[in-house]
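These notes concern the structure reproduced below.
As written, the chains take the letters A, B, C and D, and residue 1 is the first residue of each chain.
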Amino acid sequence: ISFAASYTDSSDDETSPRDKQQKNSKGNGDFCIKNIKQADFGRREIEIAEQEMPALMALRKRAQGEKPLAGAKVVGCTHITAQTAVLMETLSALGAQCRWAACNIYSTQNEVAAALAEGGFSVFAWKGESEDDFWWCIDRCVNVEGWQPNMILDDGGDLTHWIYKKYPNMFKKIKGIVEESVTGVHRLYQLSKAGKLCVPAMNVNDSVTKQKFDNLYCCRESILDGLKRTTDVMFGGKQVVVCGYGEVGKGCCAALKAMGSIVYVTEIDPICALQACMDGFRLVKLNEVIRQVDIVITCTGNKNVVVREYLDRMKNGCIVCNMGHSNTEIDVASLRTPELTWERVRSQVDHVIWPDGKRIVLLAEGRLLNLSCSTVPTFVLSITATTQALALIELYNAPEGRYKQDVYLLPKKMEEKQNGEMVNPKASLLLFFLGAW
Amino acid sequence: ISFAASYTDSSDDETSPRDKQQKNSKGNGDFCIKNIKQADFGRREIEIAEQEMPALMALRKRAQGEKPLAGAKVVGCTHITAQTAVLMETLSALGAQCRWAACNIYSTQNEVAAALAEGGFSVFAWKGESEDDFWWCIDRCVNVEGWQPNMILDDGGDLTHWIYKKYPNMFKKIKGIVEESVTGVHRLYQLSKAGKLCVPAMNVNDSVTKQKFDNLYCCRESILDGLKRTTDVMFGGKQVVVCGYGEVGKGCCAALKAMGSIVYVTEIDPICALQACMDGFRLVKLNEVIRQVDIVITCTGNKNVVVREYLDRMKNGCIVCNMGHSNTEIDVASLRTPELTWERVRSQVDHVIWPDGKRIVLLAEGRLLNLSCSTVPTFVLSITATTQALALIELYNAPEGRYKQDVYLLPKKMEEKQNGEMVNPKASLLLFFLGAW
Amino acid sequence: ISFAASYTDSSDDETSPRDKQQKNSKGNGDFCIKNIKQADFGRREIEIAEQEMPALMALRKRAQGEKPLAGAKVVGCTHITAQTAVLMETLSALGAQCRWAACNIYSTQNEVAAALAEGGFSVFAWKGESEDDFWWCIDRCVNVEGWQPNMILDDGGDLTHWIYKKYPNMFKKIKGIVEESVTGVHRLYQLSKAGKLCVPAMNVNDSVTKQKFDNLYCCRESILDGLKRTTDVMFGGKQVVVCGYGEVGKGCCAALKAMGSIVYVTEIDPICALQACMDGFRLVKLNEVIRQVDIVITCTGNKNVVVREYLDRMKNGCIVCNMGHSNTEIDVASLRTPELTWERVRSQVDHVIWPDGKRIVLLAEGRLLNLSCSTVPTFVLSITATTQALALIELYNAPEGRYKQDVYLLPKKMEEKQNGEMVNPKASLLLFFLGAW
Amino acid sequence: ISFAASYTDSSDDETSPRDKQQKNSKGNGDFCIKNIKQADFGRREIEIAEQEMPALMALRKRAQGEKPLAGAKVVGCTHITAQTAVLMETLSALGAQCRWAACNIYSTQNEVAAALAEGGFSVFAWKGESEDDFWWCIDRCVNVEGWQPNMILDDGGDLTHWIYKKYPNMFKKIKGIVEESVTGVHRLYQLSKAGKLCVPAMNVNDSVTKQKFDNLYCCRESILDGLKRTTDVMFGGKQVVVCGYGEVGKGCCAALKAMGSIVYVTEIDPICALQACMDGFRLVKLNEVIRQVDIVITCTGNKNVVVREYLDRMKNGCIVCNMGHSNTEIDVASLRTPELTWERVRSQVDHVIWPDGKRIVLLAEGRLLNLSCSTVPTFVLSITATTQALALIELYNAPEGRYKQDVYLLPKKMEEKQNGEMVNPKASLLLFFLGAW
């Protein structure tokens, strides 16, 4: 998810958006955002994003003929970014009506929300919502006179949860749920097990394509980007240890090797270790190299991979960061002791200084580097967004009875049918993904 | 050169630094900068830079024993950045006194200048000098009561020029000039030819190491960095044409290939073309691929490589940028016509829009991407800075008569002697460069 | 499987081994091979192989303490090569008695068989057996007075089939079958489905490790080796099209890209196509590039990928070869027409000449290049052989009832338990695989 | 130079070729070779070579119009291989008459010599000449009734030397010498210095193209080829130390890294060391890694890089080989001591066995691996051969006075003129080199 800065925030006033009278230039006021005046700037961001979302743009072109979402009333709860805006405007072009809230209180790009509101979308979101604001926004999306959703697009399950809790009757008209996150999918499977899932749901998190893109291909680029933006470090000749050789680790290792770093790998899974070895990385224990490396990157998914003992032994200037799925791979808590001095030298960059003057460079306080200090390429988000759109189309148009009250993966046949037709360049989903092929 | 933002500038008042009464916390006022209050922030930047300048830091350690620049009075005129600060503080640790001006009216990092002034250095520089300010600052460095320089460190030759013009007698005490830039070196050779060079000069621009670092190794990283920061483009699967396969082109191609791009090369030099070919890049004429590529990168050193005709034929969303030595590789002027709309979507990013809606993404208006949209890694600047320090030491300590009134390269023997001793890790210049080896 | 030449065959006499009186230097005659005099040469080959089979050699060392196969009577039917010899001698060191036949009438290395016979093994195999010889040899292994096997090690299922057919009662004493080949495993599953499998069987064909080694890692090397040995072609700068981007295709592409070839990929599976794309290979249809490429490599697993129409359009000197699993990927039959001249220029290399003088270079008549023109690295065979040994140990020592009359994969726990202990270098199976780590 | 086996030699009789009556099928007997019956087989080898020598073949096509060597009488002394045959037949097509001897007593491919003789060339060469034979053959080339050479093509300077010594008057008609080898070029420069060079000479050894091809590009492939053919070693996961990071070392390192080896580099030149470092190789002293590596490769150009002390400390199975320019990089002599056992396990492969059973695998007895155990790709030889042909054309057609009695490099202008015209694909020399572009 892109947390790219909302450049003009600082000049905004402090009044809560909920307390303001809001209208767009056409007089429409069915939205609640930070500042409608940022719409033009947000439109620019959306236009940039469109350049890297060829699949959605291709879907729009198709929609000039058919409107596969005609009559669909989609309520959505996702990060509100330029990429989401491209998705929403695509859904709209395909015939859907949309109402939208944010799935995260910090991630909204205010200027994009403004552009959407200006464009006629009912958006309820701003950067820096309180928890109360968060649920208020979601409620404003669903609790409307004379409009009832028939499709849910969720990221994290909060929207679904809210409807379950407050408006269970609404499910009678709902044809299905499309859920993107690990957490949300987990909740759906629990509902399903408990016999409480009352509409079909589509799990768009677990697809080969998405996994490869979110991890291997994406991290191959974001590790470089995240390190550069924060530290301007030169990669050539640096010694780096990468902890973990799953898809994320593979991406990190490949990128750094290509930039001329000397890369070591720690790995406890034998198959992954063997792959690291056959890919030409020296397998080590962290212990063996901790004194000599210039950069330490964690991507194991485990806790406390880099503990205080290791931090104590790193050399002066060592950069430490986390690309894994947990915020606890680096034992940052162990560094909050009186003898160590913390110095914030840049946004997301702390120098932690030992009594003898040694300093290590800690990025994003051990949180995910690729989310905190890099941007997820629009192209990757495009894969997800296209999959979401396809899942909505599938669920909305499926004949009665094809999908029960269960959690489904995007039907392989659909993917195959569309992708398989690579001989017919017009029809291939892959082509959408790749754009210009 | 790093033109990293001076974050606090916007809040500064508009009074010219020349009109302000300035004093650091110790009461010293022999400097002229923007705002002494930024010193702490500048100190952070210097500390970050120190982490990536191991060679200079190693030189400092040595200096605890010997002071090879004891008695040296160095007047300098370079970009004033965190990296320069590390150099100046190293020269000081080696025994030298320093007075410094900026060689560029835009490139000064005000907060670094503040930290230097606070640390007791006589610095005369700020971001956004007028031309008159520029020469005034240089003059303040050399025209001092009771202090006369005996060494010159120049980048561009303006300082040297000023002394020639205004204070020619000063050369009687000057032991030598160290010059870094192509332009400055060119001026020195002209003086030498004309028999007007009156002290020895050291050309630190032309060394294998510097050439490789400034081009191949540096561009291998900065092409990715520059593209990411401006466009967030995903490299994997993109089709890219790189115009020119010199050192810069080689770096760009290697990096993009490693990220999964499909890279084409145009090249007219047969040897370079052969290398591109043997490195696995398809040689093309721009003509052949211009319709299909996603990114066009120029690094030929020639003019008008990408002309309007090609720009007209690029596909929608194509990114165009320049990594070469000239600002005219892309014929940007040809895009300033009424039928095309320019839209500034971000800093350094313009969308140029054709009547049919096609837009190309032009970076840095065709100026050098790596200077405009990326940062030069401190590590690369460290190579240059170390070479400058070594050249000063050499000239300052050379026995009478070793150097005539001529332009010299850093004596190969010195390099070799120091580098050759890799068996003795303490003594190797290379080790300085590489730091931790 | 390595079909490395048996160098001294040509000088052998023509008498069938079955008609000869055979004895080794200790007077033992319970074997039937080509020529016992080749034993010394075979011993050299075995010694070479031992260098690249660290896992088996490590197993032997262990066996100095424990004899996990004490009492085991193993009857085997595999390719008889130096690597098999290392396996057999390891089984023997672990306590087993062995009798062995060849699973292929051509693949026996006569000198290795000689060395085994000289070493006391009952081997029945020679290069160039008739079909009658083949079954006679197998029969000699099992039909022995006073010796009955209790373990079967099979490659292809012929031995198992023979015992089913001729000596079904033998299964009463047999503790299990270890089967390596796709075909053999398929037969076992059929038996199991039909309720006719009367002992546990271990499928050692389907493991991640084996799949990766046999395909990705192995082909990455053997594509280069096979092309070099047959054609001495230089890879740098060559244009190559690889048909299929499965594991084999991935290996071929990675290797050729690294050698400086320009590689195109054809692929119809969308996921694999996407991977090719993100790995930086241009996706094409064979049609588009057939006129320009220097080398065509098939690895799709399909039939008639390269048909006569394509062969007609290739340029002069184009090399065509097959790395896939089928012998019919290249439509070689279509080249057996009167207007085309075939010229055998080297072993495994034919020039097929068109009426206008154009010639294409066809390798191994379209059969598998890596089997015909390269050698499978001993190291890869070592992986398989070690897995076989571990499977034998597991089945032989399993407590009554753990394994039913069914087909099993090597228990993951065992792998994990051993591999997981990488913290304890002595215990890890992975270490065996990797040898010296 | 390719020392590919002459497959049918063993069956040849033992009579010296000089004692045989020889005639080809047309009754011509002006040649002396081993066995004219091998001509067909040699013709196949030449046809294979033609496929990989596109530049010479293109030169031939041109020659259908112009005959730039009409009237030239070329006497040559080079390795006599399939590639040389392609060169000779090209010279002939361009209008020249040729007489040829071998520059090495072992390197002649007898079957190629036979094909040339059958084709009407006056060839005097066979594999296994005595020194007396060697000079006799050269003499037969130049000492002919009614024929006097006007061009010399030499490789090593022996032919030139012979004419200087025996037929100095011959130089009156000679227009120039083209010399390929380091040694021969050295001799020419000495003659020139001494004022004794009486015709212009062209040094075709020292060109960027040739240097890159002979070292970097060629060794990148031949290191893999040489190791595979001798040891079948799997490269993936192996630890390798490469001594020296010049062009040869760079090629070796790049290839092995790409195959998944973990590569260490030793280097004493600081610039090369820096390059190794920035290319991602860990710089070590041999000392540090000698116990752990699987393969040791020398390419320093120095003596005794790998001494007995290191050999003693290598691990069991370590492979040791030499890719450098000297045969003494590995101190093989130190291994000829009584306590060590040598075992020849294959052609070019020795196991040297220590008293405790440890064995190292020594390739080619420490001679050049790429010459002994690999083949030089025809494509590389094609570069040299084309350059030789161009040099002959240049010298033969140069206007009186352009070239003095001195040693010249192939005029850059000529190269540039031809290569620069890449816009005109018909004219480019580069195109010849690359063939199909």
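Definition applied: a residue touches a chain if its C-beta (ideal position, glycine included) is under 8 Å from a C-beta of that chain, and two chains touch if they have at least 3 such contacts.
According to UniProt, the chain labels map to these proteins: A, B, C, D = Adenosylhomocysteinase like 2b.
Quantities reported herein were computed from a predicted structural model and do not represent experimental measurements.
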Rotational angle, Cα trace of chain A fitted to chain C, multiple of 5°: 180
Pair joined by the larger number of C-beta contacts - B-C, B-D: B-D
Gap in Å, rounded to a whole number, between the CA centres of chain D and chain B: 45
Between chain B and chain C, centroid-to-centroid distance (C-alpha), Å: 58
Chain D: positions in contact with at least two other chains: 217, 236-237, 239, 259-260, 277-278, 434
Chain A-touching residues of chain B, taken from the complex the two chains share: 2, 44-45, 47-48, 51-52, 217-218, 220-221, 224-225, 228-229, 231-237, 239, 254-255, 258-260, 292, 294, 315-317, 343, 345-346, 349, 351, 359, 361, 374-375, 377-380, 434, 436
Chain C contact footprint on chain B (complex, rising order): 236-237, 239, 257, 259-263, 277-282
Contact footprint of chain B on chain D as seen in their complex: 208-209, 212, 217, 268-271, 273-275, 277-278, 283, 285, 415-416, 419-420, 422-423, 428-430, 433-434, 437
